[in-house]
Amino acid sequence: MTFKERIAKKAAEQLVPCSIINLGIGIPTLVANYLDKDAYYLHTENGLLGVTSVAEEDIDPLLVNAGKLPVGEAAGASYFHSADSFSMIRGGHIDVAILGALQVDSKGMVANWAIPGKDIIGVGGAMDLLVGAKKIIITTNHVAKDGTPKFVKECTYPVTSTRQADILITDLAVFHWKNGRYELTELMGDTSLKDVEENTTAFYKVSEQLLEKRR
Amino acid sequence: MTFKERIAKKAAEQLVPCSIINLGIGIPTLVANYLDKDAYYLHTENGLLGVTSVAEEDIDPLLVNAGKLPVGEAAGASYFHSADSFSMIRGGHIDVAILGALQVDSKGMVANWAIPGKDIIGVGGAMDLLVGAKKIIITTNHVAKDGTPKFVKECTYPVTSTRQADILITDLAVFHWKNGRYELTELMGDTSLKDVEENTTAFYKVSEQLLEKRR
Amino acid sequence: MVINKISTAEQVIMKVQTGDTLMVGGFGLVGSPLTLIDALTRHDAGNLTIISNNVGEAGKGLGLLLRQDRLKKAVGSYFTSNREVAKWYNDGLLELELLPQGTFSEAIRAGGAGIGGFYTKTAVGTDLAAGKETKLIDGETYVLEKPLKANVALIRAWKADLKGNLIYYKTARNFNPLMASAADYVIAEVDEIVDERDLSPEEIVTPHLYVDAIVESRLILTREGVVERDI
Amino acid sequence: MVINKISTAEQVIMKVQTGDTLMVGGFGLVGSPLTLIDALTRHDAGNLTIISNNVGEAGKGLGLLLRQDRLKKAVGSYFTSNREVAKWYNDGLLELELLPQGTFSEAIRAGGAGIGGFYTKTAVGTDLAAGKETKLIDGETYVLEKPLKANVALIRAWKADLKGNLIYYKTARNFNPLMASAADYVIAEVDEIVDERDLSPEEIVTPHLYVDAIVESRLILTREGVVERDI
């Protein structure tokens, strides 16, 4: 299992059966592989509730997800136009959105649409999802490709919303937003608390349960 | 032909083929009888484009117009929910609305939803239609049941909108809104200009063409 | 794991609590959830605010709840269709909030779509805009209207699958799909419960994520009026 | 008298004038009116403002018009899908207006529905709300967004009847039904023109009153990319 798959699997474990879920591009897309297809309903903002995987030979070029990748149509699926689709999102009818991020900070802010100094020419549904979904799970590498922390004290990249992400899952650890701060609740694989500490500039608390377990 | 039928027929003459038309309750409903069914598209705000008449034996209790009267479904008809229906109205997609009125005044204002002193408990789609339809035709008796003028100097009943009615058709005459005032363009049946004058307190101009004809 | 949202009217109507705001579908009795309303007449929740185009007709549909003195307030566009509403209103026993029908529809949609408010030209300069905020946009005056939301929506559809996907029948669609989106708990009564393969994904009007419970209709509107059918 | 809105791409594209604002459907190339865009590349209207989620892809769909330097401005949510857009923008040859995708969709709907503006929480506190009016509604901050409208809409549907009733195919629906409502003149390209009795009144997504002209698709998106088909 790659680290991306481990993150995706961990994200899948956070989900309650019968939930309506929107998966972002990248690691979030992998989450579908760890879900019981009949027990979860996947929404894609370009206009489909009931996304499922598709066999190579059944690919339909006019049936894609928000990442413009070919997908299949689950039993009981429905299509709708973009305003209806975003009404579902903005109106609070999506239970969970699982998204990637460039940065997440101590205050729970997420930056995942623009990099300073680069052209800001795309946002897609990121802002609507972050504002509208009932629960936000962020899945990401703990550090950027150049080794700098992505879980930071305060976002230096433009934020996507003023709403906190509920859960942050990285290749090193799982954090839950609780009482106004993130709590580290679980370490991934053989990661140590020290590993997390050295790769994080954000403020977070280690959960009592986890400390208890480690004693 | 009753006077109501004459008014309805006159209203039908104002319509351009292929128009999208919304008919109010009362005299407006009769207008449908004078239209080529294949050349006009009737919209009803409760959610149908393609209203047609229905034979007694084909009545479906779940297929009604805005007056809650049974109607039929024309070829090429479509159903939609109320928000979509009023998007058509408010968004300017209805070519003509033909409505009744309690009063119309010199400034083109229409009062057709409430009577002072009586309970104001219903408005329906009247305000939306008056604001949104591209053209408004008012069909009404020239005077109220008690003989008092309905085409008045200034509405004493609450107005329905601040938008002028384009055409006013009564059992006595036809008036067109032009350059900020109503112009009497046609007399109904053997009505005289004097008949109109005596039953009207509104200001209006008699059209040059009509005066010419009468000379 | 297969989801199944089917319930009975008697059981699911218990979701309605005293003091709740309810949305109730239908244009008059057309598309009105008659079975659910009937169950509500035998449930004890009172002091209800009803968001519905009409309060049924005299002694029919929501008109039954009015006679039971269960309504605190009604929000709609055409109460004239029940001649008893004016009496309750004048006696100070019922509050009314009258909205133009298009504004009423749009406000329900806004409630479901997470829209905080919208500007419409409808009602500008009339008594129904009195006291409401206005704004000049591109040279035209608009009035600000607020979204409508509810605790429970009682709606009526034609067919449902077990997940809660819905389609509607002719002009019985009206406010039902809008209300399905704007309440915390949505109960749909339907004529028929079908296999999900019988509903085409392109023609579903209300996707299942909006629907919490499904009840089979016992009371239906026919040419002979409201009748009970065997289910 | 029977109405017939069928036309050819070459003929009907003449409706587009220099300086016009155009809405163009599609999510990337999915549901994009490729035949009409192709006709537009051979028509001389320039200085266009394009309201479309993307500017196609590099050298494909609307990307062709970009290369022809026919675009003054683009309004959309995700220009990233055409890597050439950034270059034109940085060279000062193309103006961009970026909106969150939900706000973009809703603004087009508002344009078609006669809504003067709406309040959304999306983008509040972000760079995309900079300079926009905000309002505190029931304790939450919302940003005011304006409707989008166009002179001409180029959309893509699956089937049409002669009157212009439209249905769509899978995720090729996207922005098309919204744009059909928000332009002065609406041209729909379709795969198939059918008898009106073949479209169920319950499943029509775009009623004919929104559509001014119908063109049969010559360029279609297949697994092998955009291909020309015989019509």
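Which chain is which? They are A, B, C and D, in the order written, and residues in each are numbered from 1.
In the analysis below, a residue touches a chain if its C-beta (ideal position, glycine included) is under 8 Å from a C-beta of that chain, and two chains touch if they have at least 3 such contacts.
Since this is a predicted model, take the numbers as computed values, not measurements.
Chains that count as touching both chain B and chain D, per the definition above, are C. Repeated interface, listed pairs A-C, B-D or A-D, reference B-C: A-D, with more than half of the contact pairs matching by residue number. Of the two chain pairs examined here, A-D and A-C, it is A-D that is joined by more C-beta pairs in contact. Note on chain placement: the centre of chain C and the centre of chain D lie 33 Å apart, centres being C-alpha means. Centre-to-centre spacing of chain A and chain D amounts to 29 Å, using the average Cα coordinate of each chain.
The distance from the centre of chain A to the centre of chain C, each centre being the mean of the chain's C-alpha atoms, comes to 35 Å.
Between chain A and chain B, the centres computed from C-alpha atoms are 55 Å apart. Residue numbers of chain C whose C-beta contacts span two or more other chains: 106, 109, 113-115, 120-121, 168-170, 201-202.
Each of residues 73, 79-80, 83, 86-87, 89-90, 131-132 in chain B touches at least two other chains. Chain contacts here follow an irregular pattern that is not a line, a ring, a star or a complete set. Chain pairs that touch one another: A-C, A-D, B-C, B-D, C-D. Here chain A touches chain C in the complex through residues 17-18, 20, 36, 38-39, 41, 43, 49-50, 73, 75-80, 83, 86-94, 131-132, going by the rule given at the top. Those residues of chain C that touch chain D in the complex are listed here as 106, 110, 113-121, 135, 137-138, 140, 142, 146, 167-170, 200-203. Partner chain B is touched in their complex by these residues of chain C: 27-28, 30-31, 53, 77-81, 85-86, 89-90, 96, 98-106, 108-109, 120-128, 168-178, 205, 221-223.
The part of chain B that touches chain C in the complex is made up of residues 44-48, 59-64, 68, 73, 79-83, 85-87, 89-90, 114, 119-128, 131-132, 158-162. Every residue of chain D that touches chain B in the complex is listed here, in rising order: 1-3, 109, 111-115, 161, 163, 165, 181-182, 196-197, 199, 201-202, 204, 207-210.
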